[in-house]
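In the two complexes below, chain A is the common chain; its partner is chain B in one and chain C in the other.
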Partner chain A sequence: MEKLKTVFAAVLGMSVENIHDDLSPDNCPAWDSLNAIILITEIEKAFGVKFTFDEAMAVKNFGDATKLVESKGGKSHE
Partner chain B sequence: MQTLRYIELANTLKQRNAADFPASMRINLVTNFTDTTLQKLLVGVCLESNIYPQLYCVPYKQYNFFLHNKDSQLHSNSADITFIFFDINHYITSAFSEDISHFSEIIERVQEFCQIQNGPVVFCTLAWPYMGPFGNLFNQSHFYSQVQEYNAQLHKLAQQQKNLFIFDINRLLHFFGERNARDYRGLYAFDMPFTNDFLLYVANEWLPYIYALAGKTKKCIVVDLDNTLWGGIVGEVGLNGIALGPEYPGVAFQNFQRALLECYNRGMILAINSRNNMTDVDEVFERHPYMILKKEHFAATKINWNDKAQNLIEIANELNIGMDSLVFFDDDPVNRELVKSRLPDVIVPHFTISPEEYIQTLFSLNIFSQFRLTEEDKSKGKMYAAELTRKNIISTAKSPAEYMAQLAISMQIRCNSRDQLERLAQLTNKTNQFNLTTRRYAETAVEGFMKEGLVYGGTVKDKFGDYGLTIMAIVEIKDKIAAVDSFLMSCRVMGREIEKTFLDYIIRDLHAKGVERITAKYIPTAKNIPAKDFYASMDFKIIQSNEEAVDYELTADEYLNNHETAGTQIELIINN
Partner chain C sequence: MNKYTFDEINIGDAASFAFPVTEEVVDNFAAFSGDENPLHTNSEYARATEFKGRVAHGMIGGCLFSKLVGVYLPGEYCLYLSQTLQFKKPIFLGTMVEVSGKVTQKVEAFKTIEIETSIKNIETGERMIEGKALVKLLK
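Let's look at the complex of A and B:
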């Protein structure tokens, strides 16, 4: 999920190598509630998908985000 | 992915250092919604333009209190510029929708705020509510009429309040489309009523205000000829073969020329940079029935087979403007790449050879913002073009003195003249090269100097025309010591010894007012090297000198003993 990592890295101001499945607001101070909103809208745009509010709020770490994007038809090899 | 790029850039702000940027800007942001994304995008677009932003944002929903409270940080951080952007949020209840009096309250607050601020305040109009329960009878919608009324009041206020500038959000929404601009989930869930893409657009449209403050205004449009001003290559197809006239595609080229002429009439300088034979080009200018632009509209022409980047350097030198004042419009991608790589400061728009898109390409560059457009600005294109005729005199005159005599320069000097305020403030904001201290002032600040000290302004003329108010100085006096706070001259009148005549007059005037010593300062910038040795050339003595500034001093008596007369050929008209 390279593209998803790129979005996370850009929004959270970190390098792509540091993005892993367990990355979450608990271990990443930049992932605050305001950046979470930017993440949602930028991921939707990048993959051309739309999340419901509940789906978006259920994302607790990067792994969850990957699964959510894939479930919406976002291509994992991108 | 555009927005992402700017957000990423904004995230690097913490690792950056203001000292590494040619300009930094203190920006206030006042909104009535969650503006985190807007903040980041604004920081991103500034950084990309090499401007270091110091952004101060009013805490969420506290705009009313902060605008009103003179002790708040919004007031006290003396921002260079303030952007105010309220969304009426007519889909849900907001302070605006709940209480009619909130509109007038806000207008009052903004007026108070503007009166205290030195810097410009850019105020967004309210977006017109698109939908409502009244359908086709939208006129009867309370919101609709309220918003119209509020926007009309803002326009009225901007006419009274010199530092208030209206930013028409509806113009932008019209372009962008409300359905692309609104984010309803964002609105309801996070109070973020706009899409990131729209906010990037807003930030980009605000940037020209910041450019204008930073003195980064574009001054000159340099155009190629073949496939730019007309279709086809004149050297190959001849005068009658080029596409220019009432039929497509000629009509599109013709209209592009009209657009350039409009730019010229609002003060843009035009220049030509083309690989061509002069005779072919002259023939088109003189004989083609559908040419809109004439040779006399161009202040510089480079029609040769030289490298176009070199030509641009020569154009900038001839016109005495910085490379970053140039926009280069050329249909050939190879030339564009060459110029972009060699001259990164020049704006080089990308476009395809579809002449119907040229005008949009030009106007979407967003290079036209200024805080004021004075009558002098509007005639700038003309004045620069007249300069070409003056240059021809230089080449025939035998000596500089003869040149000056032939030009018959005269200068009218006025002191503390309030009707010059607008232009004086503008000069401090736009002059980069011959500017000794590069201090930027708003009209209110210049007016302040007039109350406490002396503000001199010089209007220059020669036999070819009027340059307008092009030289000024701000002097503060305390205990028989006069301190020159600012001394600057527009590049239009450089090279005529006007600055010497002007300062000579000021020294004599100060002496007559009882001043004994005059202190002055040169603060070096990347651009003001032409002014570096000015005070020394006027016999000022260096008191101290370091990297940041050179301090000078002059004893008025001594100066007058050594310079019995002004000794220039400039006729002075004094008008106090």
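Let's look at the complex of A and C:
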């Protein structure tokens, strides 16, 4: 099971099977401004990485989050 | 009141205070919240339950966590974003509790901190309420 999907599923209250690259605040009502902060918090904790404000704000969908985590050396497929 | 800024907060920082959960506290909470469930307000009714006495509202603990973050950790610059709660044990009237919090995570991007919060019975050491607070620092 992909670690990043597990984080998203836990925070957004979804099953891992429903997490896909195009998942975004536009098509996922649970991805609101508060959960956006919680997502970044949980990703940093899970992968031991740190994001800047600009990096965090640039995440528009799950695919962006995957690329950002990988760019920080995190292995999102773990 | 403490005035910690985001930069002054470190992972592992902690704060705590003691609080007596008295009959007056429970009666006042029942009055303002409107939760007058007899388990909280009626001694005779509560004695006949498995608890054998009146139990404080769990959300009194939630109020105490509000004081913890708003006054102690971080204090004035706190913007309370969320709080999880798990009610592990009933708090009976007359219990002296310790409310405590420890910073477990800092997120630079949003200037937020995560605080592990707990309430324990000072006399027995039992952890009665646990949760996590997410707080944004305004400075």
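We take it that the second predicted complex is superposed on the first by the 76 of 78 C-alpha atoms of A that agree within 3 Å, B and C clash if a C-alpha of one lies under 4 Å from a C-alpha of the other, contacts with A are read in each partner's own complex, and residues count from 1 in each chain.
By definition in this document, a residue touches a chain if its C-beta (ideal position, glycine included) is under 8 Å from a C-beta of that chain, and two chains touch if they have at least 3 such contacts.
Not measured: the values here are computed from a predicted model.
Undergrad: For A:I37 in the superposed arrangement: first (chain B), second (chain C), both or neither?
TA: both
Undergrad: Going by the contact rule set out at the top, does A:F53 touch chain B (first), chain C (second), both, or neither?
TA: In the superposition, A:F53 contacts both chain B and chain C.
Undergrad: For A:V11, is the partner it touches chain B (first), chain C (second), both, or none of the two (neither)?
TA: In the superposed model, A:V11 contacts chain B only, not chain C.
Undergrad: Using the touch definition from the top, say if A:H20 reaches chain B (first), chain C (second), both or neither.
TA: neither
Undergrad: Would you mind listing the overlap between the chain B footprint and the chain C footprint on chain A?
TA: 34, 37-38, 41, 45, 53.
Undergrad: Along chain C, where are the residues that touch chain A in the complex?
TA: 81-82, 105, 107-110, 112, 114, 134, 136
Undergrad: Taking the complex as given, what residues does chain A use to touch chain C?
TA: So the residues of chain A touching chain C come out as 34, 37-38, 40-41, 44-45, 50-53, 55-57.
Undergrad: Which part of chain B faces chain A closely enough to touch in the complex?
TA: 1, 3-5, 7-8, 11-12, 34, 36-37, 40, 183, 185-186, 189-190, 192, 195-197
Undergrad: For chain A, which residues count as touching chain B in their complex?
TA: 6-7, 9-13, 30, 34-35, 37-38, 41-42, 45-46, 53
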